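Below are two complexes that have subunit A in common, paired first with subunit B and then with subunit C.
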Partner chain A sequence: MNKKGHVPFIRIVKISERSGKDTLKIRIAAFISALAAGGLFILFLGYNPIELYGTIISGAFRSKMAFQATIRFMIPLLMSSLGVAMAFKMRFWNIGAEGQIIVGAVCASYFALFHDTWPHFLLLLVMFAAGALGGGLWGLIPAYFKSKYDTNETLFTLMLNYIALHIITYLRDGPWKDPGSSGFPKIARFAPNAQLDKILGVHFGWIIALILVFIVFIYLRYTKHGYEISVVGESKSTAKYAGMDVRKIILRTMAISGGICGITGMIQAAGSDMTLASSVAGGVGFTAIIVSWLAYLNPFGILLVSFLFSVLEKGSSVMQSAYGLSTYFASVLQGIILFFILGCEFFIRYKFVVSRKGGR
Partner chain B sequence: MFVKFLNAAVFAGTPLLFGTTGEMMNEKAGHLNLGVEGMMAMGACAGFMAGYFYDSILIALLAAFLAGMLGALIYALLTITFMANQNVTGLTLSIFGVGISNFAGEFMLVNSASNTLKLPEQITAQISNINIPGLTTVPVLGPLFFQYNIFVYLAVLIAVTCGIYYNNTKTGLNVRAIGENPGAADAAGIKVTKLKYINVLAGGGICGLGGAYCSMIINGGVWMNNPVNGQGWIAVALVIFASWKPYRAIFGSFIFGAFNILKYYFPKTIITLPNALYDMLPFVITALVLVMTSIRKSKENQQPASCGVNYYREER
Partner chain C sequence: MKKLLSIILVLMLALTLLTSCGNNEGQQPVSEGKEASGEGIFPAIAKEDIKVGVIHIGNPADGSGYSYAHDQGIVAMQKALGLSDSQIIRKNNVNDTDPTATEAAMLECIEEGANIIFGTSWGYMDTMEALAQEYPDVLFSHGSGYKSNDRNFNNYFGRIYQARYLTGIAAGLKTKTNKLGYVAAMGKDNSEVTGGLNAFAMGAYSVNPDAKVYVKVTNSWYSPEEETNAAKALIAEGCDVIAQHCDTPNPQLEAEKAGVFGIGYNSDMSKDAPKATITSAVWNWGAYYTWAVENVINGTWKSENYYGGMKEGMVDISPINEGIAAEGTAEKIEEARQSMMDGTFNVFDGVIETNDGSTVGEEGKTLDDATITGGINWYFKTVVEK
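On to the complex of A and B.
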C-alpha cells in the first residue's frame, strides 16, 4: 500500500466513452458469466449444469403445447415490462406494476362476472377499457402525490400493491364469492362469452402484446411525448427550464404506464386464469422490473428478455418434474443474471486504476 | 384477554422489528435497500437449516446473521462500489433471496428421510418462551415482560443499541452525516465507503435474524416455503412509519404486530369487518404516513437526504 495517505491504492476513474462494440462485448461477457455462476451453483448441488440447462431449453420448446405455455408465460411479463419501462424512462420508480395489474383485472372482472350476456365483442372491448382505466387510475395516485408533494413513489407504489392484493381477497371472501364453491372461497369462472379468443392455440393477448411493443417503441422514440419523458428522466430542472409542464408529463406517463399494466391484468384474468384469482399478478410486476432493466428500457430488448425469461420459467417447471428441483431456480438465475449485468455496467462507465509506488 | 392481545402483538411484531432496524441501518447510510424481504428469506433458510443440523440456537442465529449479511454484501458491492441503481439492485435481491431460500428449502425437504424438516428437541427448548421463577408469575407484569422467547429480547436489545449508536456515538453520527450528505462527510474526513459497508452489512445480518424468527417460531419449528411471506416489505414500510428513529421502530413494530393479529382479537360483538380489511390496514396506514410526512415537509421526519443516490467521490 501507498504510504502517502491521500493517494489511495485503487482508484475509480471515469471512462469518457466506450465504443458500442466494447459495450456489447462487456454485456455479453457478463451474461455468460452469470450463466456460468448459475452452473457452478448447480454443480455444487451435484448435478450436471449443461444437462440441466439443456433440460430447461428443451422443456420450453419440446412440443407445440410446451411452446404455447412458454408464450402464455411471456404475455403478461412482456406487457407489464413495457408498462414499467415507460415510467422508468422518466426516472419514476413505478414498482407498483403488481398492484396496477390487479386493479385492472378487478375492474375488467366486474364486467366479465356481472355483464356476461353482452355481445362478445362489446364485452371484451369494455373489459379492455375497464382494465386500462383501473390500472391507469391506480398508477395516477402515486404520480399525483409525487408531482404535488414529492412523495416517495418507490415506497408508495409498493404499499399500493398490497392494498390492491387485499382488495381481491376482500372481493373473494365477500361480495364476489362464488356461491357454488364449497370449502375454499373463490370467485366464479368467467362465462365463455367473457373469455379471450384463441389464435394459433394461445389467447390473442400475444397479438396485443406484440402490437404494444411497436407502439411503445414509436411513442418513446418518435413522438413529442416520448421526448418529454426522456428529458424529465434526465433532469427535471432542464425540463422546467425548457418550458415543459413536468407535472402534466408525470401524470400522463404514469396513467399510460399503469394503464398498460391494467390491460395486462385484464388479459391475464380473461385469457389465462378465466377467473379473478389473487395470483393474477403473481410476482410478474416485480419480474417486469428486472426485465425492463436488463433490456435497457428498449421495447425490442424487452421482447427478447421477456422471451428468455419465459423459456426459463417454463423450462424450470420441466426441470422440476425431471430432477425434483424447485421451480424457484428460475428466480435464482434471473437474479444472478441481473446482478452480473448491474455489475458490468460499472466497467462500461468506469475503470479501476491501481496506483504505482510513489503516487500517480 | 388484553394482556394476551399485547403478548400476541409483541410476537407478531418481533420479525418486523428485526427487519425495520436492519433496513434503517441501510437507510441511515444513504442506501434504500429494497432487498429486506430477500435478506430475511436467506436468513430464514440458513437459520433453520443450521438449527436443524447443529441443534443449537447460537449456531442458528450465527448462520442467519451471516446469510443476511451475504445478501447485503451482494447489494453493497453492487451499489456502493459498482454504483448500480439501488432500487433495481434491492428488488433483484428480494427476488433472488426468496428464490434461493425456497429453492434450498425444497431441496433439503426432498432429500430428507421423512419429507418433513422439524427442529430437534434441544433447540426447540432453547427457543421456547422463557420462564424466570418469581418474575414470570407476577400478575400482568410477568406475562407482559418476562414470558417471551429469546428472539424478542434480542430484537429489542438490538434496536436499543441501534438507537444509542445513531444518537449518542460519534461513529453513529458520522453515519448519519453520510446519509444526509456523503460529499460533505467525505470532505470532513469521514471514511464514507467503509462506514457504508459496515452499516449495510450489519443491517443485512439483522434482517437475517428476523428471517430466522419467521422460519423457526411462526411455523412451529417445521420448514415451510415462503416463511417470511411479505414481512420484509412491511418492514420497509415501518421505517417510514417510525420516521427513521430506532426507538420509534420498537413501538411501531409492535403496533404493526397488533394490526396483524387484530382480526383474531377484535370483539366481534361491536362490529364484524372482513379479514381483508384488517390485512390491508398496515399498508393503508403506511401510505397515509408517507403522504402526510411529504405534505408537512417536516425536516425532522424525512428520509436521509442522500438515500437512493449513490456516491462517487470524483463527481462532487
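On to the complex of A and C.
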C-alpha cells in the first residue's frame, strides 16, 4: 500500500488472532467506558447517573408486566436478527429485513382482514405461511438479480424497503382503508380470531422466536445446507470448485432469510399491532443488522444481544417518563452506549501501530 | 430440507393446537356483571393514592400546540386537586399510528399503577378500546375519536367549532384578497376537522360573504413538515390569512415569514408568531381533566362522554392581537360569543348550503351532537378544496 521508505506515523494493523481473554478484557473495558461516558452525559444534564442506570435496569425487570414488555420488544428483534444472520453468514448483505417484515405482514394481513371467519388455528397457520412466503419472495428478488446479473445486493435490498413501505401506505389510504376511521388513515383492527393468543401474558411469538433460535443454530451448524452457506460465505470460487451450485444456494438462503423476516412481520401484525400499521417493522430490521453482527452471527449470541437491547429499550422508556426526560435523551444515551460497544469490535480485530522515526 | 420443513410444520401445528385451547383470554369482555349502573361503578380513591397516566402524541416541552395545550390542562388539574408530581405519569412522543408503541406506553402506565389514563390523540382509540376490556379496573379516557364502553372507557372532546366560528370572524374582517387558507389535518370525511373548518368558514361568511376558504389536507395530526408545506402552498395561492387544524405552530410561522396573517389553534400562537397570529382557537383541557379526576377520587366516575363548549370553559379564543386585527373585530366577536353563551346561536343552525350545491339541516333546528361529532362530511359553500 505504501511506497517504499515512507511509513505513516500511525498504522492500522489487522490482528490475526486475539486470545479469548484479551477479547473479553476489551469488551469489559468498552462496557465500562460506555457507562462512564453515558454517566458524564447524564451528570452534565444534572441527574444522578447511578440512579438513572438503576432505573433502566429496574424498569425492565421490576415486575411481571415490565418483564413481559421487555420480551415484547425482544420478539421482533430476535427473529429478524436470526433472519439476516442467515444471509450474512453467506456474506450476502441483506439490509432489507424491514421490507421483508413488511411484505410478510401485508400477506398475512390479507387473511386476517378478509378471512377472519376461518377456524382460529387454521387461519393463524395460513397467516404464518403467507408471512413466510411474502417475506421469502421479497428476499428472493434481490437474490435472483444477484445470482443472475451480479447486482449490488446492499442497495437492492435497501431500496426494496421503501417500496414495501409504500405498499402499506397505498393499502392504508386506498383499498384496505378502515371505513370506520372517519378519515384517519388506518387499516381496521384484526378480529380477535385473527390475533395471536397469549402465553404467560405475551403473544406466543416468543415461543416461535425461541424455537427459531434452535432451528437456525442446527441448520447453520449441522446440516449440509448450513455448510454450503459458510463455504459460499468464505469464497464463492471454492464453493464452485467443490461442485456446489452457488446460484441455488444464494436463492435458497435468501428465501429462508426473507421468510424468517416475513414471519416476524406476521407476528408483529397479529400479535402486537393487531392491525397492519406502517410502523410494523419500525426500524427493527436495521437494528437486527447490529444485533446479528454483535453476536458474531451465532443464534444463541443473538438471543442474548437482542435481549440486552430490549432491556435498554424498555428501561429507557421507563427512565424517560420517571424523570420527565425528552425521548431524545434516551436515544442519545443509547447512542453513546452503542458507540462504545460497536467501537470495541474494531479494537478486537485491529490495532494501532505507532512507528518510530527512522523505522526499525 | 423437506425434513426440516415438516418438523417446523408439525411444531407449528402442535403449538397452535395447544394455544387455541386456552383461546382468547384477553379478548373476552370481562365486565359481565354490570353491578352498579348508576352512581360510581368504582370505589373512591384517596387523593394521595391516585395516579394519572397521560399519553401525548407530541412533546409538551415544545411549548406550543396540541400536546402542550393538553399538558397545560393536566398541570391545571394537578394544581386544582393538589396532586404531587409523582402522581402524574407522562408518556411523550407516542406515535398514534403505531399500535405497538401505543400499547407499550399504556401498559407502562398501568404497570406504574395508573388509575386513569388519558389518551390525547385520535389514533389511540382502538388500542384503548382493547385495553379497557383487558384491564377492567383501569379507566381509559380518550380525547377525540368516537368509541366508548359503559364501564371504564369514555370519550372527551369539546365544541372547538364554537371558538373556530369566532376566529373566522377575525379572519373574514382581516383578509384583503378574500382568500383564507386552512391547513387541515384530515380530509372531508373527518367530522371533527370538517366541522371546525365549516364553522370557521361560516364565521368568516357572517362578516364577509366574499371570503373563500382554501383547504389543504396533510393527512396527519402531527407532521411539522407537511404543515409547513401546506401553508406555503396556500400562501402561494394568494391566501392572506392562514388558519389551521394541526398540531404545530408551523403554519403561523410560515404566515409570519411571508408577511401575511394567521389564526392559531390549540394554544395561543401569538407567542410563536407575534406579527402574524390575530387570535387562536384554544382548548382549556383542564376543565375536563379536573372534572374527570375529581370524579375518580370521589368514586363518582361514570363512563359517560364529555363534550364541553364555550359555556363550560372548555374552549375559547386567545386574546385578540389588537396590533394587527382589523378594526371592529373585538366587537363583532363579542356579539357572536354572547349569542353562543345565552344559547340563541349554535353555529350549525337552520339550513346550511354546502359547496356542492346541496343543503344540510332544517329550518328552526340545529345539528345534534352525534351529527357534529361524526356526521359532518360536507364543506360549507365558501370552501374551496385544493
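Points to keep in mind about this one:
Operating definition for what follows: the second predicted complex is superposed on the first by the 321 of 360 C-alpha atoms of A that agree within 3 Å, B and C clash if a C-alpha of one lies under 4 Å from a C-alpha of the other, contacts with A are read in each partner's own complex, and residues count from 1 in each chain.
Note that in this section contacts are C-beta pairs under 8 Å (C-beta built on N, C-alpha and C of every residue); 3 or more make two chains touch, one makes a residue touch a chain.
Not measured: the values here are computed from a predicted model.
When the two structures are aligned on the shared chain, A:I215 is found in touch with subunit C, with no touch to subunit B. Using the contact criterion defined above for the overlaid structures, shared-chain residue A:W93 touches subunit B, although it does not reach subunit C.
Of the two partner chains, neither subunit B nor subunit C is touched by A:W138. Shared-chain residue A:S326: touches subunit B and subunit C both. In the superposition on chain A, A:D197 makes contact with subunit C only, not with subunit B. Within the superposed three-chain model, A:L124 lies in touch with subunit C and out of touch with subunit B [touch as defined at top]. According to the touch criterion, the shared surface of subunit A, contacted by subunit B in one complex and subunit C in the other, consists of residues 173, 324, 326. Subunit C makes touch with subunit A in their complex at residues 1, 4, 7-8, 11-13, 15-17, 19-20, 22-27, 59, 61, 89-93, 95, 97-101, 103-105, 107-108, 110-111, 122-123, 126, 130, 146, 186-193, 219-220, 374.
Contact residues of subunit A toward subunit B in the complex are 12-14, 45, 93, 95, 145, 149-152, 154-156, 158-160, 162-163, 166-167, 169-170, 173-174, 283, 286-287, 289-290, 293, 324-326, 328-332, 334-336, 338-339, 342-343, 345-346, 350. Of all residues in subunit B, those touching subunit A in their complex are 32, 34, 74, 77-78, 81-85, 87-89, 91-100, 102-103, 106-107, 110, 230, 233, 236-237, 240, 274-277, 279-280, 283-284, 286-287, 290-291, 294-295, 297, 303, 308, 312, 314-315. In the complex of the two chains, the subunit A residues touching subunit C come out as 63, 65-66, 69, 72-73, 120-121, 124-125, 128, 173, 182-186, 189, 192, 195, 197-199, 204, 207-208, 211, 215, 219, 223, 225, 268, 272-275, 277-279, 282, 317-318, 320-321, 324, 326-327.
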